[in-house]
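Take a look at the structure below.
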Amino acid sequence: MGSDSDWPVMSAAATALAEFDVSYEVGVYSAHRTPGRMLSYAQEAASRGLKVIIAGAGGAAHLPGMVASATVLPVIGVPVPLKYLDGMDSLLSIVQMPAGVPVATVSIGGARNAGLLAVRMLAATNPELRKKMAEFQASLEAMVLEKDENLRKTAAQDS
Amino acid sequence: MGSDSDWPVMSAAATALAEFDVSYEVGVYSAHRTPGRMLSYAQEAASRGLKVIIAGAGGAAHLPGMVASATVLPVIGVPVPLKYLDGMDSLLSIVQMPAGVPVATVSIGGARNAGLLAVRMLAATNPELRKKMAEFQASLEAMVLEKDENLRKTAAQDS
Amino acid sequence: MGSDSDWPVMSAAATALAEFDVSYEVGVYSAHRTPGRMLSYAQEAASRGLKVIIAGAGGAAHLPGMVASATVLPVIGVPVPLKYLDGMDSLLSIVQMPAGVPVATVSIGGARNAGLLAVRMLAATNPELRKKMAEFQASLEAMVLEKDENLRKTAAQDS
Amino acid sequence: MGSDSDWPVMSAAATALAEFDVSYEVGVYSAHRTPGRMLSYAQEAASRGLKVIIAGAGGAAHLPGMVASATVLPVIGVPVPLKYLDGMDSLLSIVQMPAGVPVATVSIGGARNAGLLAVRMLAATNPELRKKMAEFQASLEAMVLEKDENLRKTAAQDS
Amino acid sequence: MGSDSDWPVMSAAATALAEFDVSYEVGVYSAHRTPGRMLSYAQEAASRGLKVIIAGAGGAAHLPGMVASATVLPVIGVPVPLKYLDGMDSLLSIVQMPAGVPVATVSIGGARNAGLLAVRMLAATNPELRKKMAEFQASLEAMVLEKDENLRKTAAQDS
Amino acid sequence: MGSDSDWPVMSAAATALAEFDVSYEVGVYSAHRTPGRMLSYAQEAASRGLKVIIAGAGGAAHLPGMVASATVLPVIGVPVPLKYLDGMDSLLSIVQMPAGVPVATVSIGGARNAGLLAVRMLAATNPELRKKMAEFQASLEAMVLEKDENLRKTAAQDS
Amino acid sequence: MGSDSDWPVMSAAATALAEFDVSYEVGVYSAHRTPGRMLSYAQEAASRGLKVIIAGAGGAAHLPGMVASATVLPVIGVPVPLKYLDGMDSLLSIVQMPAGVPVATVSIGGARNAGLLAVRMLAATNPELRKKMAEFQASLEAMVLEKDENLRKTAAQDS
Amino acid sequence: MGSDSDWPVMSAAATALAEFDVSYEVGVYSAHRTPGRMLSYAQEAASRGLKVIIAGAGGAAHLPGMVASATVLPVIGVPVPLKYLDGMDSLLSIVQMPAGVPVATVSIGGARNAGLLAVRMLAATNPELRKKMAEFQASLEAMVLEKDENLRKTAAQDS
């Protein structure tokens, strides 16, 4: 991510990866304060054995796109909302990449989904991880059924 | 995609895949006109051997998110711009997914990048494809150098 | 609705229906976490005797449109505002439906109006309900007259 | 509608109603140029036997909301896009109604959906109309299947 | 205004008028809850001797435009911000009036300026009021000079 | 106005004034290219006998607000749309004035309404002009009735 | 700046200048409340020896552009966010200047960057200041490295 | 600039510099296609004797900010409008830079102003250039006076 102030948002990506036992590393690589170091990290990522890079940034959010320009790996961008504009600047700065250099953008503040998207990418060629993702989706369904049951009780009591 | 009217935009994804010799299939699966068939397609995609799904849609663009809800595969969403709002409705309808079900969103009308992102995902575990992507990125760089040279000549003649 | 977290907003629809003695059921049917179950609910709604469906959702709010795609009943969509963007993403995701599958969209967070709109739909062929709606509208008028009187007193005291 | 200049957009609502053999009347009732006449029309609509009112307007689009304020019938609002702002002003002016007076809003320029929504409302208590709507939805599905087939041929020839 | 909930915003207009000894009346006239009464008020305003009408409303803010449609007096519209969208819906609903029926729109929440604008309108043909407005503007200038002096002291102490 | 390129939009204000036999003058006074001359014009306007000033400008549209800052006359601002952003920048630059200095803002490109608003302001203390405005409004109503009749014929022939 | 209420935002510009030992003066010059004095300040700035002017304003933010119209010095504009619209009105009012009169606009609330931009401008012809700026940028890089190290520890402890 | 497709917009900056006899160089340096080369250019710019850098880019416009991160020179950013969103994405991607790394942003498509802003920066320490800028501003004023005269004739003939 571009700053440690993004960690409260971005840590949800780490949590998601940990839930799937996918190993990861975290780091602060600022596109604007350490441009050379950021590019080096991106250039070496594939040969170091990384498979996917998740990059979160806010405002004029250049980190995901710049990382994508310097690696062949898929890059997932998380628009971090700052004090003004509700993350709309972050979203447009990340998603509107020119032809040739894509960034896989998730929702504003959607770091958890960034982690889950990384898992899906890895699962595409990993049967075990794919099975875990199927179980995860089944658990989402079960959770909804439980909420449904509880809400019907609540609503019945209210009326 | 949700309608054949999206093909002029979406065909650029097919072209990108073809450039990398990645095989693909195309189809019209409307979230709103054939919801059951769309869900079946998504549910069977992984077992049929697909690795990535690219879904383009416009307006209240529900196709990418609904496909993502019914598969464990990574889903790439392309916001197709319609007659009004310049694709802002399409973008928000695709990217703002709730936690649990990510869609890898690219730029408005960015179907070529959707194809390239799919290649990157596959390349993460495919050395040959990764090499091709590196060559592609080098060709982008060469193209810029050529444009740079031409522009300097043009600008010199103008002044 | 798509999640029990929407209930604080959506309960106002239930309250409005109750005020008109219109019976209703509530439930959590997530477009993204339980897509098949959500479609089944929509497909069976008409034969189960339901007359109108109210669906609230936020962000990439696909629930109302997907329900509308699988039923012949009128579907009312309530854009639920989430943490960012003030519900603008919810509104566009619900209202910008393609030709063929309409959703009757109300204001951001406007669940009470969703309930009242459902009553108006039922009242179109129900004289008794229509009479109640006319009385309700008269009560709104009376309420404004009372507010008007009070405000004039307040303003007179202030000056 | 508020002006005959809205007819090119609004006529699609009439076409949709005609397809379902639902009788209708058309008229120009301007909220801003004939306010009294517009209110009278709305006040008398229910007793004249109308079941649903479709109102289209653009810019500071007050017609749908004002009609809704003076009738117990359900009112469907169509945001007509004008020369600037792509209909965003029309949409917000129609959909953001205060609690008490709902307008069933459809997409920007979505007059066809307004007609179909009116049919759904009437069909809720009309089995024959409901059957027609089910057939209509089946025809949408058939149309998608045909487009799907054609596109697969096109795409195969392209590659 | 459309509701007594607008009074905390709109009272600033009354204050401004009082500062210039311009007499005024206040009232709640809802476009959507009391449409007939609202129109009657507008229609009779000129013959009752009113010179300017200030109308504040929020969301789908139809009050200023509807009042303008039923009077020959100049109407000043105040976009009142509601819970969502920061008053952008109110602004567009008020300012985007069709040709023929203008509303003099002030800033979001700008009730004080609505009062001052009314004073300017009256002052155009009232020398005494015009003199007061000139004095008021001179007082604004004096206030800025005082703030300037204080700030320079503060800034000097800070450094 | 700020530039002669605004004349195609702004001439509609002149036309409206001419229709009511209200005399006017036109001129180009750029806030950014002739700031001193623009302020002088505003400062002398009242003593020269002008009653209302209409100012149109686009983009960072400072002319109406700056004129308002240097006169006691009511100033009407017309947001002129430029090549990008559909006049949203012009609208916000004109309408969002700080407390103390109001600008009576009309719709984007709404120069005709600016002229009509000026007439209403003058009519507030001019019985003859008020009568003309009432006749104008009656003519708007007659025009709608004619359009209504024609449209009913057209629609009847179409079906 | 236009008001002392802008000081909490704008003081960050002063702080940045002080960090680089660049002398500066602060003042309140309102475009709308003291237009003549504001223009005089701008007109005399160059001959008084000033090199750069930083102007902050909010809403219909005319100060930076008006100052730029009356000086040959580079003017830096800071969009100050007000109560509504998150500074989007301020940004557009400042940045969308017509050809001929530029304003160097920084981010919403970005007064610190305004100060740093002024330093860069001065440093272009001042080797010592340029060296300080290079050191400052190196310190930003060091700060990121430290944050990186700390975050890695935190993340390691969390997992 | 980031691509030769930006030249039709950006050439206006070159024209402005040429009008002031300020020497310049042009080049294509893509942030996303040649990140390393772009950074090198920025890092060496100051020591090569450049005084100001103008960078234009569209969409997720990272070029100006990335160049600013790697140089101590002032960087002027020009938001180039692309096919969709009217340059709003370009504007936000350029202007919303984080504290520490400013970009002097001009209007959407405002390359001429970028050139003029560069001249102002250089003129701050160059009396001759400052004189030229004053003459240029006087010529703008003369041009307005001529337009004013012509328009008054046109308007007089029209009426």
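A, B, C, D, E, F, G and H label the chains in the order they appear, each numbered from 1.
The rule is simple: a contact is a pair of C-beta atoms (placed from the backbone, for glycine too) under 8 Å apart; a residue touches a chain by one contact, two chains touch by 3 or more.
None of these values were measured; they are calculated from a predicted model.
Q: Kindly list the shared contact partners of chain G and chain H, in label order.
A: For chain G paired with chain H, the chains in contact with each are A, F, in label order.
Q: Tell me which has more C-beta contacts between its two chains, F-G or E-G.
A: If we tally the contacting C-beta pairs, F-G comes out ahead.
Q: Provide the C-alpha centroid distance between chain A and chain E, rounded to the nearest whole angstrom.
A: Computed value for the inter-centroid distance: 47 Å.
Q: Please work out the Cα centroid separation of chain A and chain B, and write it as a whole number of Å.
A: Roughly 18 Å, centre to centre.
Q: Any idea how many Å lie between the Cα centroids of chain B and chain G?
A: Using C-alpha averages as centres, the distance is 40 Å.
Q: Quick one: chain A and chain G, Cα centre-to-centre, how many Å?
A: 33
Q: For chain B, which residues are shared contacts with two or more other chains?
A: Those would be 3, 33, 59-60, 85-86, 88, 95-98, 100-101, 103, 107-108, 137, 140.
Q: Looking at the whole structure, which two-chain pairs count as touching?
A: Here the touching chain pairs work out to A-B, A-C, A-G, A-H, B-C, B-D, B-H, C-D, C-E, D-E, D-F, E-F, E-G, F-G, F-H, G-H.
Q: Tell me, which parts of chain F touch chain H in their complex?
A: It comes out as residues 3-4, 7, 11, 14, 18, 25-30, 33-34, 37, 59-60, 83-86.
Q: Please name which positions on chain C make contact with chain B in the complex.
A: Spelled out, the residues of chain C in touch with chain B are 2-3, 31-33, 35-36, 39, 58-62, 65-66, 68-70, 82, 85, 88-89, 92-98, 100-101, 103.
Q: If you look only at chain G, which of its residues touch chain H in the complex?
A: The touching residues are 46, 51-52, 72-76, 91, 95-108, 110, 112-114, 116-117, 120-125, 130, 133-134, 137, 140.
Q: Write out the stretch or stretches of chain H touching chain F in their complex.
A: 81, 86-88, 107-109, 137, 140-141, 143-145, 147-148, 150-152, 154-155, 158-159
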